[in-house]
Structures are given as C-alpha cells and as structure tokens.
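A, B, C and D are the chain letters, set down in written order, and residue numbers restart from 1 in every chain.
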Amino acid sequence: MSNPTYTVIFYLFAAITVFSAAFVVFTRNVIYSAFSLLFTFFGVAALYVFLSADFIAVTQVVVYVGGILVLLLFGVMFTNGIMQTGQKSEVFHIIPGTVLLAGIIGALLYTFYTSHGWMPSETTLQGSIVERIGFETMSHYVLPFEMVSILLLAALIGAAFLARFDKSGK
Amino acid sequence: MEQLTTIGLNHYLTISAILLGFGLFAVMTRKNAIVVLMGVELILNAANINFLAFSKYNGGMEGVMFALFVIVIAAAEAAIALAIVINIFKIFKSVDVSSIDSMKE
Amino acid sequence: MLSLIVFLPIIAGLVILAVPSSQKQIIRIVSLLAALAQGVLAVLIWRGYDPSLPGITAGAGGSPLGSFQFVEKVPWISLNLGGFGSLNIEYFLGVDGISVTMVILTALVSAIGVLSSWTIQKQVKGYFILYNLLASAMMGCFVALDFFLFYVFWEIMLLPMYFLIGIWGGPNREYAAIKFFLYTLFGSVFMLLVMIGLYFSVTDPATGLHTFSLVAMATQTNFNVAGAIFAPENHLWRQIAFIVLFVGFAIKVPMFPFHTWLPDAHVEAPTPISVILAGVLLKLGTYGMIRINFPLFPEVFHASMYVIGIFGAINIIYGALCALAQKDLKKMVAYSSISHMGYVLLGLSAGNSEGMVGALYQMFNHGTITAMLFLLVGVIYDRAHTRQIDKFGGLASYMPVYAAVVTIAWFASLGLPGLSGFISEAFVFVGAFSSETTRPIAMVSVLGIVFGAAYLLWSLQRMFLGKRNDDAAYDLVTGPDGHEHIHFHDWKGKLDLDGRELAMLVPLVVITIFLGIYPMPVLGMLTSSINKLVQVLSPVVMSQM
Amino acid sequence: MHSLIQLSIVVLLLPLLSFVILIFFNRRLPRRGDFIGVGILGTAFGISAYIFWTVIVQTYDPAFRIAWDFTWIDLGNVPGVGPLQIKMGVVIDNLTSIMLAMVTLISLLVHLYSTGYMAGDKNYGRYFAFLGIFTFSMLGIVLADNLFAIYIFWELVGLSSYLLIGFFFEKDSAADAQKKAFLANRVGDIGMWLGILILYSQFHTFSFEQIYANLAAGKFALSNAWLTAAGILLFMGCVGKSAQFPLHIWLPDAMEGPTPVSALIHAATMVAAGVYFVARIFVMLTPDALHVIAFVGACTAFMAATIAITQNDIKRVLAYSTVSQLGYMVLGLGVGAYSASLFHLVTHAFFKACLFLGSGAIIHAMHHEQDMRWMGALWKKMPWTFVTFTLATLALAGLPLTSGFMSKDAILAGAIGFAQAEGGGIYYLIPALGFFSAMLTAFYMGRQIWLVFFGESRTHLKPADNHHQAHHVHDAHAAHGDAHHGAHEVHEVSWNMRAPLVILAALSVFAVYSPDPLDGAKGWFMKMIPTPATVVGEANPQMGSLAAGGVTPQLAEVVRTTEVAPPPVAGEHAAPAAAHGEAKGGHVYSDPRQAEIVHAGHAAHFTAIYISSIMVALGICMAFVVYVFKIIDPEKTARLIRPLYLFSLNKWYWDEIYEATFIKGSMAIARMLSWFDTNVVDGIVNGVATLVRKFAFANDSFDRHVVDGMVNFTAFTVNTTGAVLKKLQTGKVQTYVVMLMLVLFSYFVFYFIRLIY
C-alpha cells in the first residue's frame, strides 16, 4: 500500500476523524459536539472502506449517522431548549481525566510500536465482502443474528416504555 | 518514513487508540449525560476500527461480523441510554451526571 | 400393567386435587374407585402370573424376562458424572413370586383402608391425597426392581405417613409421627450409602455398565468390579453393608430393639393408617430383607442366620409378653404385630424352603389378620372412644356379630388351624426346626404360641365374656322389648357392625378362612421363587462361584 | 378311591355341614335347627355303622388297612430335599372304624339328649352348631393319616371345647374355665408340635406310614435320645388333651360347660383323643418314652382318684374319675397293653357318657342343683336314670359282667406283666397305684350312688343363699327353670333324654365285646386291635430291613420269629399265651421286650382279676361302711385327717401352685418386660433423642459464641475499614469510571515495569 494517493487520502480521513473527535470531547456546546460527531462518524466510515469493509461503512453511515446521531440530537433537544445558553456543559474531573487520556493513549501507542507481536496474515481481505457477510450471517452466525434481532426488539420496546409519558404522573 | 507512508495495521490501531482515549475522556469528565453517551459512541467506534483492522490483516470474517453486531448493539444501546437519560431528566430536571449521586445512599 | 397399578392412586390423588374440598363424598368415592381398580388389576396380575417362573435372579442370558414377569424396563436417569463414570438409573418394574403376593396384599389392604377411612372427617381432601400417595409408594416398593427406584418409593412413603399420623392421629400424635419418621429415616440414610456402594460394585452382564438393578445384584458373579467396596473378597465391607441394610429394614419390621416406634405410632394413628401400617408397611421391612439384603450378601446371611433367628425369637416371645401386660387394646394388638413379625424373621433365618415359605406366607397372613384386628379395634373405639380393655365386659351378649368376627380374628391371630395364620406359623416352625442352625431357637420360640394364646384369650375374656364391668364405657339399658341392650354415649350408628364395617371385615374373614383351608392360591405363587431364593442363598451355590 | 374312603369323608364332612348351616341360619330355622344337627349326625352314624359293619364284621381282619391321600401343599422342588409335598389323607383300619362308630354314636346320642336338656336356651341353635364342629374335628383326628392333620384337628377340638366350655360365657367361672382349658391344651400342644417337628426335620414328611417306614429303616439321623424326646413330646399333646398330670387341671373346670358337652367332649371322645393319638404313635415310642408315659398315667390315675373321693359336685366327681380312667388308659399304653388300653377307651367312652348324661338328667330334674350333699332318695323318682346310672357305675368301678371290668383288668394285667418284664422294683409301683386307684374308684362311685339315689332327700338342707346363687349363675336357663321351679317336683326326664341313657348303659355290658365275661381278650375287639410291632426297637437291625421291605408298621406278624424273639422268653410264655386266647396265638412279637411284656401280661391275667376284684370289693365295702351303715362318720374322719382331707378337697393344690408360679410368673415377667420396653428400650430411644437435642443446644451456643463471634469480628473489621473507604463512594458514576481507569492504567504501569525488567 505504498500508493501515495492512497496514503494521503488515508491521512486526510484520519485527521478528520481524530480532530472532529477531539472537538466532540473538548467543545462546551453540546450541539457542536453532536455535529462534530457527525464528522467523526463519516471519517470512521471512510476508514472502514480502507479496511475493505464497504458494507460496514455503509452500515456505519446509515445506523450511526441516520440513527444514533439523530437520536442524540433529539436527546439534546429534549433535555435542553434549542440554542439555550444552558447547552454549555461543565467539565468534571479535569485533571485525572487529562492525565488518564494522555497516559492511556501513550501507553497504547507505546505498546503498539514497541511490541512486534503483530503478524499479519499472508492473505488479507480484498475487494467487496458483502456477499461473504450475507453468507456468514445466514450460516455461522445465524444464532447471534437472531438473538440480535430479538435484542433489538427488546430494546425497542424497552426504550418506548422508558421514555413514554407518564400520564398518571400528572 | 516508510512506516508513515505505508499504511499498515498500526495506523488503524493508533486512530483507534486516540478515539478510545477521547471517548474515555468524555465519559470521565463531561457533565452532560448526552456528551457522555457520545463518548461511549466514540469508544464503540474505536473498537469497531480495531475489529475491522485485525480482520483485514488476518484475512478472516470474524471481525467483520463482530463489527456488524457491535453496530447493531450500539444502536440498541443508544436508544435505551437516551430513554434512560430522558427519564433522568424527568426525575432530576437535569442531565448533569455529577449531580446525580443517589447511588451514594 | 405394573405402572398402572402403581400410579393409579396417584392419578386418583390428582383427580381429588381438582375436586373442591367440600365435596367429601366425591373424594371418598374417587379414592374407593381407584382402590377397587387397583384390586381388579391385582386380580389380573394374579391370574396372569405364571408360578413356574422363579424370579429372584435373572433368567437366561441375564435378562429379567423369563424369570420376572410383567417386566417394564426403560432408562430413567442417565447422568454423566465425569470422573465417577456414568449414573444409569432405570425405571425397572417386575414381579416374581415374592412380590406378587405382596402386590395382591397391598391392593387388598389399600382398598379396605379406603373403606375404613370413610369416618375421617377432618380435612378429607388432604387426607385422601396423602393416602393415595402412600398407596402408590407402597405398591411401587413392591414392584421396583431397580434399587434406586425402590429407594425413591421407600422415601416417598415416609412423607405421607408422617403427615397422616401427625395430623389425623390421636392426642400424642406429633411425638409418634416424629418418632416414626426419625426411626425410618435413620434406617434409610445408611441404605442410601450402601446402595451407592453397590452401584459401583456391580455391573450388568447384559450391558457391562454399572447398574442399580436388583436382578443383576442378586447374582454374585456380577460383583465383578475389581477393587470395588463390595467385591466378594472384601469381607469386612460386605458384612458392614449387610448389617447396615439389615438394621434399615429391621427398623421397619420392626425388630427388637428397634420396635418402640410401632406401639406409639399405632396408638396414635387413625384406624385406616394403623391398618396400612401393620398390613403393608411392616412387610416392607422383611420384603426388603428378602429382595435385597439376603440375596445380595448371601454369605453374610449364612453367617448371621443364628443371630437373625435369635432376634426373631426375642420378637416372638418379647412381643407376646409385652402384649400380655398391655391395658390398651390397640397397644396389645401392636405388640402382637411385633410378635408375629418375629415369626417372619424366624422363618427367614431358617434359610430353607419351608421356613422361607412360612415367612412369606406369614407376611401375607399377618397383613390380612392384623388389618382385621386393627379394624376391629377401630370399630369399638369409634363407639366407646376408649380402648382400655378394663372398660368393657360382656360385649358378646350385646354385639354378637362383632363378637363373632372378633373371635375369628383373635383365633386367626393366635394361629388356630383352619385359619391362615396357622399354616404360616407351622411352616415357620417346621423350617426353623429343620435347619440345624436355628433348631434350638425354634424350640424356645414355640413358647410364643402359648403366650400368644394367653394374651388374646385373656383380652377376649375381659372384653367380651362375663358381664358388663361396673366402670364400663357404656350403659346398660332395658329396651322396649324387655331385653337388655347397651348404649354407648354419643354413638348414633348401629350398635353391632354396620354395612360398611362388614364390607371391610367379611372379605378378610373369608380370605383368612379360605387360605387356612387351602393355602395353595398364595403358596403356589411363592414356592418356585422361594426354592430359587434358597438355592441362591445356599452355601453350596456360593462355593461354586 | 375306595368306597369306604369316600364314605368316611362324607362322615367327616357331614358335621361340618351341620355347623355351617346352624351357625348362619339357626335363627331362621324352625326349632332353631336342632333337627338338622340330629338328622345329620344320624346320617353320619348310619354311614359309620356301615363302615363298622364292613370292616369289623364282614372283613374281620386284624391287618385291615386302606388309605388315601392327596397333595395339600406343593412346595415344589425344594433344594436339598427334592420334590416336597405336604399330603392330607384318610386312613381306615379297625381302630378307625371302631372310633368312627363310637364318636358318631355318642355324638348322635348327645345331640338327641341335648334337644331335651338345652331346650329353651337362648343360644340353642348355636349350641348345636358347636356340637357339629366338635364332631367334625374329632372325626378328623380319628381319620387323619398324618401328624399334621392330627395336629390341625387337635387344635380344632381344642377350639370347640373352648367354645362349648364357655357356652354360658356370661358366667365368669365359665369364661375362666374355657381360657384355662385352651391354654393348658396349648401347653401340651407345643410339646406335641415340637415332637412333630423333630420327626419332620428328619424325614420331611408328616405321614405316619412314611415316618414309621423311615424309622424302621434306621434313617433317624439324630441320637436315640432325640427319638425318646420326640415320643415324650408327642405324648405331651396327650397330656394336655387327655388331662394327664401335670396338665389335668383344666378338665374338672371344664364341667362349667353344659352337661351333655361334658359327656361328649370331656368324658367320651375328645379327652380320649389323647389316648388314641398315643396309640397311633405307639410304634415309634422308645422304651424310655413308654416308661415316662406309664408313670404319668399311674400318677394321674392315683391322684385323680384321691381327689374324687372328697368332691361334692356330682360332675366334679365324674370329672376326676374321668381323669383317673384316662390315667389308666395312658398307663396301659405305657406298659405296652395296647389293645387293653384302647379297649378301655371304648368301654369307658360309653359308660362315662352314660354317667354324665345321667348326672345331667339328675341336674336337670333337680333344677340345676349339682351338689350331691343336697340330693338323695332319687331312685324312686327317677327309676330309668337310676338303673342306667348304676349300671354304668358298676362298669366304672370294674365289677364283673361289665365292659369296664374286662378292659380295666386287661390293663392291670398288662401292668403286672410289665413290672415283671422290667425286672420289678420301682416298676411294681405302677400296678400298685393302678390297683389302689381301682379301690378308690369303687369307693367314690359307691359314695356317689348312695348320696344321690338313696338315703333321705336333703334338698331342704341346702343353705338358702347358696341355693339362690345356683340359680343365679344359670340364668341362661332361668326361663326354663322357673317354669318347673314353683312345683319343686323332681320327676323323670323325657324320652329323648332317657333313650341315650338306655343305649349307653346297654353298651356297658360285657356281652357286646366278648363272650367271656372274665376275659376281654376273647372278644372281637382285642382280636381286631392287636398290638403293633415297634419300629424303634434298639435290638433289632433286622426290623429295619423288614419294614423297609414293605411291611406295614402296624402289622405284628413277623416272618423271622426265631431269629428275633429270644427263645427262652417265647418258650416260657408260649403255653400261657396260647391258653389265654388264640388271638395272640398266631402272633409272635418281633421286639423281645414287647413280646415279654405281652406274655407276662397274659400270665398275670388271673392275678390281676383276683387282686382287682378284691380291691373293688374293698372299695365298695368301704363305701357301704361309711355311707350306708354309717359305721364311720365321714365328717369325723375328715376332721381326724384334716390335712389329708383338705389336700384332697383342694385338688392337691395344683391350681394354687400353677396360679402362684406359672400364671403369676408369666404376668410378672410380662409386666416387667412391658416396663422394660417403655422405660428402658424406649427410654434409650428417648434418651438418645434428648442427647441429640442437648448436643444441638450445645452446638447452638458454640455456634453463637465461637463461630458467630468470629463472624462478628470480621464484620467489625469490615465496618471500620468501610468507614474509611466510604469516603471514596461519591455516588457519582464518573468517579467510578475514573477509578476503573486508574486500575486499568495501573495495570499498564505494572505491565511496562515487567516489560522493562
């Protein structure tokens, strides 16, 4: 993968991902955080494409951007009035947080680059894997698949139950 | 320099580590419950990157499948978590996590 | 067939569960129908039983078929215990001569017990559910051929018995119930240990696996697990196992000195439970000895014949003498049970066919006769609310039918020829005397015949002959026809036996007389099994192994 | 099956039929069904008479014997024994046919008599039912061909005796007597049962024939002492049933039963069953056993006779005389006078039944007065009774021309012969006691006759309260008795009570049995009932081979006489034996001892006649001296020898002795054991329970203080630590996350340190 274009594009998306993630974390405004998260998700999706996981990338976009992010925005709007000053959120545990952030990132990176334990396989994933995903889902992973569907259903009902208006509470 | 130009496994892992760090930081420090949730999403994305990266360089489908499931579960988690947050808001009239300390008693 | 006869009462119990507890009559009738159906099945089994097949051990090729009859054998529990091997428990039912007589006896006594339970007024629904559970468990014990299954039935039996005595009993019922429960539990706990030891010592020749099958255990060559706890060369452990099992069963018999639960339990238990207890439950002790204790450890049995015989003799004479001193009629009958079960032990200890046949026949006859005795005690207790022998006198003049039945029952109990008890006692003595080992014991035990006659005749005289005692439990009134009658306080029913009581007693009387004159219907089923058992137990066979 | 066998089974079952019909339906039948009892017994007697006719009169063969059996219990192929069956069967020989006829006849007569005597009793029908089952059981004993069957019927006659003694069960004395009778019999029965067991344990059969064949073949594996023991134990059955010393105590009390019952059961048939049984087992009795039997018989005869002389109750006198006569029979068997003994059994049955029925007639006429002291002068009022009673008394006392004379003399002759053969000494005690008892018999019977039939009527002398009581205890007869009571008129009884008396008295005459009034051996009876050959003779191994070769053990004929019988003895006694009757002429006894006794007995025949006649005459003279001529005042004499008088009056104090030893002893042991049971055995159980409870309490306090103490200490530690650590718990989720991360991070640090070093 020494194609320079490829490298450049990778770094571009990597940068988008990392910086938008940093913005998510460090900005005080919740709305900004949410929108910044959008970019993070897109960046990550792009990285997925680099990893030959095009289907996952599409799913990432559909689910995270189309679903989760919208949910988060709704959450923000439910809990704060739109464009309110109260949208700013305080920071807590700032010192241990920062130390740990630095420490953990540093430690992980140190580990990655000092240990030479990674031994990539001769054959890497190439091309589209949509067909294989379909095949795997219906064969090896049919039980987890089914269970996930049940989980989703449960989550749906659970969420609806939890978030419903409590009429009698009035 | 070669290490920088030839994109390999470590690049992805690095991005993943950074995302994890940011996610953890958000979970640890931010007071707004929504932002805490966003941190969780970051962590999940970091994990997904790891799955897919290892899957690619190992040549198997396991990571891919797990990533898929993680996404699905993340969706469920988000729905539930937001419902909980809304409930917290109903009860405490606030989404400030630091002010919710009824677990102490 | 056997499953049906075992589980019929439980089915009836489930039906009763669905009946509202206010519908007492329906509950009783359901129970009675179940008991009668059981009786019909018992008759079918009796008719279908082939007395030429011996039982006891497996037939040709290690299969129970061809030796046992009505066999039902399906795997029941199959557990893999890892390092301990696998646990194979079978649902294994079957009858041979020894058990088929007991099955018939159980069906008979259960049915009579239901009739006798008609007078129970307290918590009828619960009573009959427990009663049916008890009936099932008893029947199960007699037909189970898998030790584990036997043990399960054995333990199930305890529970309803405990409640039946503890709830529906007399004033001191809790004490009696707990005593009964602890005593029998004590015996059965050790039985469990021996059972597990046996499992790991025995293999089934047909499968080569460990087995709980009593049929496989009855053949000594199946004790072929090297180094197992009860392997033939492990004499000490085999002796310990024999003694432990024997004590477990002896408690149920009950054998001196483990007998003291019996008088208490009988005195406190309601009449039908006394009938069941004396009629069937005591037989389980000796049945267990015959089915399990002796054939599994024949060489230990052979070494301990003398001791068993001595205990039998003690039971006979001690029980009779204790009965002689009792003032409570029911307690006297209870001690007479101890005395009569001593005959069974004595017959078993003889180790020959005559003695064993006598013992088995005595088990059957004691079942019917003692059932009769307890029913008769119940009849008078219902009327007079007392069982003190001193409180009666001259009853024969006023209750002639009752007196006649009592006379028959009493004489059957003391072993009058022409009534079934005589033949069994005679065979017990014949066997015990024919065996060199137990001859001196037999010579002493015949004293029991005299003492038996003494206490029975004395009680008969004090209660029925002569005139009314001054402090009797009833009044003497002169009826409108000028004849003297007696009147029991607060007894509204018929003075002499009523229809229900006759329905309970007449079948027993008929059986007692018939089997006293022509014993072959029962003996014929026993003989080939007993001869086989004696062969299994004889030292000649053992030395050939 | 032989037709006689079929008939005998019919005879056996007919009384049972009578019992079954009467016990269930007596209240629904006219006259309470007494005609059924009488009719059935009549039929049974008819058939028995036919059997008697066929066997005794037509066949007239001493060796006559037919048998039939069937498998009653099949024990299958018994290990160590082989196929084993318990058989039941019927045997008919001369003795059986005579006994059959005798039992059915007396039973029939008693049935007939009872229609008069028991009339009006409230349990009239039941009475006949009981008579039926008694007759059935008695016939069973007579017909049985094996020990087991005899034992069964033995107990059944015990039962019927129990039921009939206690027929007036409302009387406490009757209830006591019935219990006493049954228990005394049971004591005897367990001995008999042990004897049966000894034989069975060796041969695995109950059949007489097989046991004797095995014995003769020398297959008895145990020592001879066991065989003697078996004989004595079997004899114990007889001791119980025939009321021999020391179990004689029940028979006099058994007179509480109705008088016809006393006649049938306790005089004529059942008590004789013991003697019959000993006769059946006679061949297997060893000499030692026979000696015991002879002494028991002699003691009984003497003891009962001494008691009888002082009794006042008319039935008790007869009861003790019965015991005494049974003693004679047993004595006869013991000394080997087999035929004579059985002869006495039959003759005694008839004349004693006659006496009892006669006494019953007197009691009936006297309105249930039984005390002889208040009787007297009845001979004019009751001539039929007087004549028959006197005739029977003469037979009992053993005066010539009566049947009793012949049979008693034969026994006494045998006793003398026995004493001679055994070598004298102590053995002369047996004939001596016999002769002395004969004198006493004559005396007390003379006393009875005089007190009852002659002298003045002493009815009015009776103390009033006593009188009243006598009626009171017989309230079963109250209705009947009162009807006559007002008249106070003693009169002869009706025909149905008279006829039996006449028939029985007729059967007490010598001519029925023998043409020669002095020698019963000339009669058909003694010819038909020869002494059987023993199967246990110690001296003759040849016997074994003979019996094994198929000779029936009952046969006395032996082919090889010269080899067996010692020539001197045979030679010495051959002539007198031949002179005394050709009945024995053809027979030479295989066992030298037996042969010697029989021949000595024949030699002593006339000696016995002389001595016994003298003794009887002496006895009668004494009775005359005391009661008729009143030369000696009995009361003065009684005062003079008061201890002896009381000793006799109180029946040698046997009842008191038994009461004090066995009964009190048993009860004391029973109470002791009962106490032991409730206090010691149960006490141990309860004690264990208490100990377990105590242990549980101890365990509980240990639990609370030690185990729980440790737990509490731990809790205290935790508490204090927790107070410190509580501060860390903020309740804020994020704090926890930080801590989590700290831990994770510290792991990283640890990991790196490991990595570096």
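Everything below uses one rule, namely that a residue touches a chain if its C-beta (ideal position, glycine included) is under 8 Å from a C-beta of that chain, and two chains touch if they have at least 3 such contacts.
Values in this document were obtained by computation on a predicted structure and should not be read as measured data.
Participant: Quick one: point me to the chain whose Cα centre is farthest from that of chain A.
Facilitator: D
Participant: Find the most central chain, measuring centrality by the gap between its CA centroid and the centroid of all protein CA atoms shown.
Facilitator: C
Participant: On a C-alpha centroid basis, what's the spacing between chain A and chain C, in Å?
Facilitator: Each chain reduced to its C-alpha mean, chain A and chain C end up 77 Å apart.
Participant: Quick check: how many Å separate the C-alpha centres of chain C and chain D?
Facilitator: It comes to 34 Å between the two C-alpha centres.
Participant: Starting from the mean Cα coordinates of chain A and chain B, work out the distance between those two points in Å.
Facilitator: 6
Participant: Quick one: chain B and chain D, Cα centre-to-centre, how many Å?
Facilitator: Inter-chain centre distance comes to 108 Å.
Participant: Name the residues of chain A that each touch 2 or more other chains.
Facilitator: Residues 92-93, 96-97, 100, 104 of chain A touch two or more partner chains.
Participant: By the touch rule stated above, which residues of chain B touch at least two different other chains?
Facilitator: Residues 24, 28-29, 97-98.
Participant: Listing for chain D: what residues touch at least two other chains?
Facilitator: Counting only residues that touch two or more other chains, chain D contributes 734, 738, 741.
Participant: Who touches whom among the chains?
Facilitator: Chains touch in the following pairs: A-B, A-D, B-D, C-D.
Participant: In their complex, what parts of chain B are in touch with chain A?
Facilitator: Per the stated touch rule, the residues are 5-15, 17-26, 28-35, 37-39, 41-42, 45, 48-49, 52-53, 55-61, 64-65, 67-69, 71-80, 82-87, 89-90, 95-98.
Participant: Can you check the complex and tell me which residues of chain D touch chain A?
Facilitator: 734-735, 738, 741-742, 744-745, 748, 752, 755
Participant: Can you name the residues of chain D that touch chain B in the complex?
Facilitator: 729-734, 737-738, 741
Participant: Residue numbers of chain B touching chain D in their complex, please.
Facilitator: 24, 27-29, 36, 97-98, 100-105
Participant: How about chain A: which of its residues touch chain B in the complex?
Facilitator: Residue positions touching the partner: 1-2, 4, 6-7, 10, 14, 17-18, 21-22, 24-25, 30, 33-34, 37, 40-41, 44, 47-48, 50-53, 55-56, 59-60, 63-64, 67-68, 71-72, 74-76, 78-80, 89-94, 96-98, 100-102, 104-105, 108-109, 112-113, 118, 120-125, 129, 132-133, 136-137, 140-141, 144, 148, 151-152, 154-156, 158-163, 166.
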